[in-house]
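Look for chain A in each of the two complexes below; its partner is chain B in the first and chain C in the second.
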Partner chain A sequence: MSSSSSPVEDTLGGTAGRPGSRLRSPTFRRTRSLTGIPLLWALPGVALVVAFIYVAFGAGAWYAFTSWDGVSASAPWVGLDNFKEIVNDPSARDALWHTLELTAAFVILVNVIGLSFALALNRTVKSRNWLRAALFAPVIVSPIAVSYVWQYIFAFTGPLNSLFGTLGLSSWQHDWLGDPDWAIWTILVLLVWQYAGLTMSFYLAGLQGIPEELDEAAAVDGASTAFRLRRVTLPLLAPATTVSVALTTIFGLRVFDQVVGLTEGGPGGATETLATQVYKQGFVQGRFGYSAAFALILTALVAIVSLTQIAVLRRREARL
Partner chain B sequence: MGLFRYTIRTFGRELALILIAAIWWVPFYFLITVSLKPADELYTNPSGLPSHVEFSNFSSAWEGVGGVTLGDALKSSAIITAGSIAALIVIGSLCAYAIARREGRISTGLYALFVFGIIIPFQLGLIPIYVTMRKVGLAGTYPGTILLYTGLLMPLAVFLYTGFVRRLPRDYEEAAYVDGASRLRTFIRVVFPLLRPVTATVAMLATVIIWNDFFIQVIFLSGSPRLTLPVAVYSFVGQYASQWNLVFAAVIITILPLLAFYVFAQRQLIKGFSGGVKS
Partner chain C sequence: MSMNRVSLRGAIAAVFTFALVGLLLSACGGSSSSSSSTAGSTSAETAATNETAETTAGSTEGGVSGTIRMLGLTPQEAAMSALIEEFEAANPEAHVDAQYGSPANYYQVLTTQVQGGNAPDVFYTNGGIGQPTSIVPLAEAGKVADLSASPWASEVPQPAHDLYFVNEKLYGLPLWEKPLGVVYNIGEYKNLGIEIPKTWGQFLQQCGQIHAAGKSSLAGIGANYMNAIIPAGSTVYAKDPEWNAERTAEKVTFAGTPGWNEALEMITEMKEAECFQPGVEGATIDAAIQLMGSEGALGLLAPSDAIGAIVAAGVKEVGSFPLPGKTAAETRPINAYSDALAVSASSGEEETAVAFLDFLAEPAHAKHLAELAGTISIQAAAKGELPESLEAYAPYYEEENIVSYPPDLWAGSGSLEALATGSQEILTGQNDAKGVLEKADAAWGK
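Moving on to the complex of A and B:
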């Protein structure tokens, strides 16, 4: 490296700490060098992360293979029993299935809607700053608290059914929260409502990085709006899409607050998810080993999503 | 430039967007109107405006539940949020500075430790943390909860700070250091003020995450007198189910501090949230 650099670069360039830099002009000679901030400064942060993330994670993973009750001194090793129980118990299987179907529907809807908002808001619309602020507002509102507003809206005697009644659509009225087939979709509505503003902001940030001239050039060449969207805008939005899809998938897999606020997992377990099972089995029932098994499944799913996201981003970077 | 003009079609798009935003705000309409309704209008008039404004809903809600007023809960939420953010900023900025300004394998490894920590979900680790904290008497306390949030959000803070410090030229700090200031003094007087934009991002993201978090707070604080707002509202609903006017007053008290903050800082907040996309 140093053999190829010219003397000019050596005088002008600033690779501090290199042996040659001592030979620079005497006025620049350093009596003290700032390189080497003591690693001790990093210690509190490192200790916290090791304790609360890595050690805790390892201990939790260990518990998943025990039948620990959280009180006894010993945690009896039970091998794969907890996972066998999850596979064999229909209600546990349902919790996994609800999580997956809710996540899939949520990720598709919230990204399609957020992207549509972003495309509609980008450029020319005069009230765009107001609209963006209004659509983003639900993101910063306490999920558990705002869930109760939606519980009111979906209640049998609530405004949604009364609106259908007024419109002469009484056949559309349902006991949304009390019907096992409908209850999970009320959670979907709430999730999409709350996070469409977030995906919108991801896509808006992505759109800002696309030079206007590019789109304009395509338009001048006679490309239709649909063609430009498909061949110019969407490919350039790929990084924003990757981040947005990965993050909303993780939100979906972890869903807890909105379930507790709307249905508490009911009716009859129809809206239980992995996270509500982690909470109920462990912190309510005291079956910490079994609870940890649910959490380990949740972690594995999140890890798959995160690692896929990293791989996709890496490959794209390599291609550029 | 001239190609994307404001046309009649743009006007149509604008009207459609305003309509959608209005629909998006329907839950807030119910939140406000119901919180101001007298109890007897909840079923006779579920969707309309209240016939008269019933502010006493708010004073009733303020009484809270089980001896914990919403004032107490507000205080708990504020202490936990502020305490965690202070710790995140102090510990996170120092840690990131040391990592970013050192070269070599150790700092690369430490950086990876933090980045990888961002993607590890916290639910699994929460089980041993809860049991340990219960054993040593930290569960249900402010210091325990603050410590927990500081640990869980440290990867995010260090990640944001490190990225920022790496783009920061060394000239200022080297000048101060050559002038004889100690390393720590250089950091406090010169570097930390330059980190202000990223400190603001860390503080904003952590505020929204911690203030609104329910999972950790319901586990660690239930049954203690230090209920935070999300847990207080949850307990409140348990007691006043279907007294929606009171419940909604409690919901407003819970979300108002962040909404007020949002009104003033919405640009920075949206930017902070979407910051990860730029890379």
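Moving on to the complex of A and C:
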């Protein structure tokens, strides 16, 4: 056994591991890592992903160019007619607008609130572990179940309005889910409540990775808390911010359970989103081809927005 | 030696991996071929499909045998459960495994199951073409069994023929007839000393009286097409019984029909007369039933089979009455033959499933089922025998001043959905009658 060879090369045996040998070549090592056993072990997972995601996606995308009703054996080809109808349909444009405004508000609020929780619970607070668990608990509860509970809370005769009445705040009582101006913001409240714990966990993980010494050094140099947050903590949180903002953007764009549970897209279509349109056009009105067109547009929107966002945030990380 | 051990490990891993992938691919191929064979059936092949369908059930000395899966609507659960018990008592070897879905998402559940090749043996659906899973579209797609040979086939009422027959073949059992009107808490009306209104003016007036007593005349549901359909019986179809055919031929429109404008303006009139409870805009059907149960509201715009749910909510004395027109003479209640049961064409227990439908269609059982559900059996309606809770409709049935439920013959469900959303838009002030009806026209056939 050569004392200068590596254990791997010893395993491979004999003269193979000597300096200058083919086995020491980086190209040979790269090639070995990409082929052979590891690829075979990955094959079942890849096959499942291809079958259940990409093939299914392809089949769904094909239906977007047909007028399939979900029941008939045949799916007549209609080309781009579904997409033309979406472009010309005011309710479809409204659904797109509601999706974008809800997503924008959700991403900003849930990340600001999650970061605030993370900063507050990162160190020193004695009950921080219990508080972290309590704030994370809504994340793990079924969204549709939570939505039906909150529907009861927000109902005109529900506990929220009753509480306002009890506290002498009758002027605050409102038809939260039946008012077209308020309904979408009521959904936003539920979304932020449910997912603030998730963003908190992202930022907590990021904060754990920042050396305390950096913050202490800045404090010793006389930097204020706000300055240290702006110039030390936030820049070093860039990777966590990228992940959190990207994921919450995706959640927001495809929000469905909370809308269906609280308002079913009403009142009067005031909270319809692209995802609820996919559901209604397909399963309520039996226009599966039209529904698939909506789904394709939603998929493209999520892909474009999230990939653009990740690219911008990554470039920002690199600059920092 | 080491190299040989690695090669052997690699070979074992490769064999295992390919075996696993092969198993997965063969499973996918098996399920896709079975689903494509289901999708490939057409109405012309329905008879052949029925003949070749495998059945594991059989008739026994004491009746049929086997277990059938049934999917029904939650509001009908109490009535249907009672009849299932009677069927199982008469057929000890047979069992009905029934599940019930909320009206809010029933058709979505049924569509998914039918599409997935996993349709229940027996399922609730509607006659006509109004829903993607109504009898006619399902029959044309070869998804429901031919019931033409059933002993009750000749009893399907003539007005309901277009809802249940396709190419002269019968594909569903109409469960009952049910009038659409207002289901009242009659006991509380008596306590308040208020009479059931017979004209629209009286109706609006009693809304104010009941509001003054701290209650609401109606437990409103914001996004509910019944808010538009029920008044339309008097305002549209009483004056133009052929409106559906004319709309299909594009000779009339929703927005251009004064009767439809009048029907939707009645929603505004009810709101202004404080007929509805506060927060009606966002109210759901569950909240409305709950409000009836707590006697916060004394009426519900609904088909008569809502009686079962309202009684279950705790209201003791209940009855359904027509929603009055401008005058008593102009009042026309709507009568629905829509509620049906169908047998899946791919049922493996078709004999038992059909036997269950035959059992329900027998006059005594049909009458019992209708009484429990708050409706009228087909046979009883033909004889003019109405249950006590529906006696108010007797003159209309006797004189045939009844309108068949219109949406059963509307192309697609788009217009109905537009009227449901539009009802809510009118209540919130987002839209007016004309705007809602223009949306209904735009959604026709979709």
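The rule is simple: the second predicted complex is superposed on the first by the 260 of 320 C-alpha atoms of A that agree within 3 Å, B and C clash if a C-alpha of one lies under 4 Å from a C-alpha of the other, contacts with A are read in each partner's own complex, and residues count from 1 in each chain.
Note that in this section a contact is a pair of C-beta atoms (placed from the backbone, for glycine too) under 8 Å apart; a residue touches a chain by one contact, two chains touch by 3 or more.
All values reported here derive from a predicted model rather than from experimental measurement.
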| item | value |
| --- | --- |
| Which of chain B and chain C A:A51 touches, first, second, both or neither | both |
| Chain B or chain C, by number of chain A residues touched | B |
| Partner chain in contact with A:T263 - chain B first, chain C second, else both or neither | second |
| Touched partner set for A:P76, first chain B, second chain C, both or neither | neither |
| Which of chain B and chain C A:T157 touches, first, second, both or neither | both |
| Partner chain in contact with A:I37 - chain B first, chain C second, else both or neither | both |
| Touched partner set for A:P235, first chain B, second chain C, both or neither | neither |
| Which of chain B and chain C A:G165 touches, first, second, both or neither | neither |
| Partner chain(s) touched by A:F283 [first = chain B, second = chain C, both, neither] | both |
| Contacts on chain A seen with chain B and repeated with chain C across the two complexes | 36-37, 40-41, 43-44, 48, 51, 70, 157, 279, 283 |
| For the chain A and chain B complex, residues of the former touching the latter | 30-32, 34-46, 48-54, 56-57, 59-61, 63-64, 70, 117, 120-121, 123-127, 131-146, 148-150, 152-153, 157-159, 162-163, 193, 196, 198, 201-202, 204-206, 209, 212, 216, 219-220, 239-240, 243-244, 250, 254, 256-257, 260-261, 275, 278-279, 282-283, 288, 291-292, 295-296, 298-299, 302-303, 306 |
| Interfacial residue positions of chain A with respect to chain C in the complex | 11-13, 36-37, 40-41, 43-44, 47-48, 51, 69-73, 151, 155-157, 175-180, 183, 263-264, 266-270, 279-280, 283-287, 290 |
| Of all residues in chain C, those that touch chain A in their complex | 1-3, 6, 9-10, 13-14, 17, 20-21, 24-25, 28, 39-42, 104, 107-108, 111-112, 114-115, 131-133, 137-138, 140-143, 222-223, 278-284, 287, 412-414, 417, 421-422, 424-425, 427-428, 430-431, 446 |
| Chain A-facing residues of chain B, complex | 1, 3-6, 10, 13-14, 16-18, 20-21, 24-28, 30-31, 34, 43, 46-47, 91-92, 94-99, 101-103, 106-107, 110, 113-114, 117, 119-131, 147-148, 150-152, 154-155, 158, 170, 173-174, 177-178, 183, 186, 208, 211-212, 214-215, 218-219, 229-230, 233-234, 237, 244, 247-248, 250-251, 254-255, 258-259, 262, 266, 269-271, 273-279 |
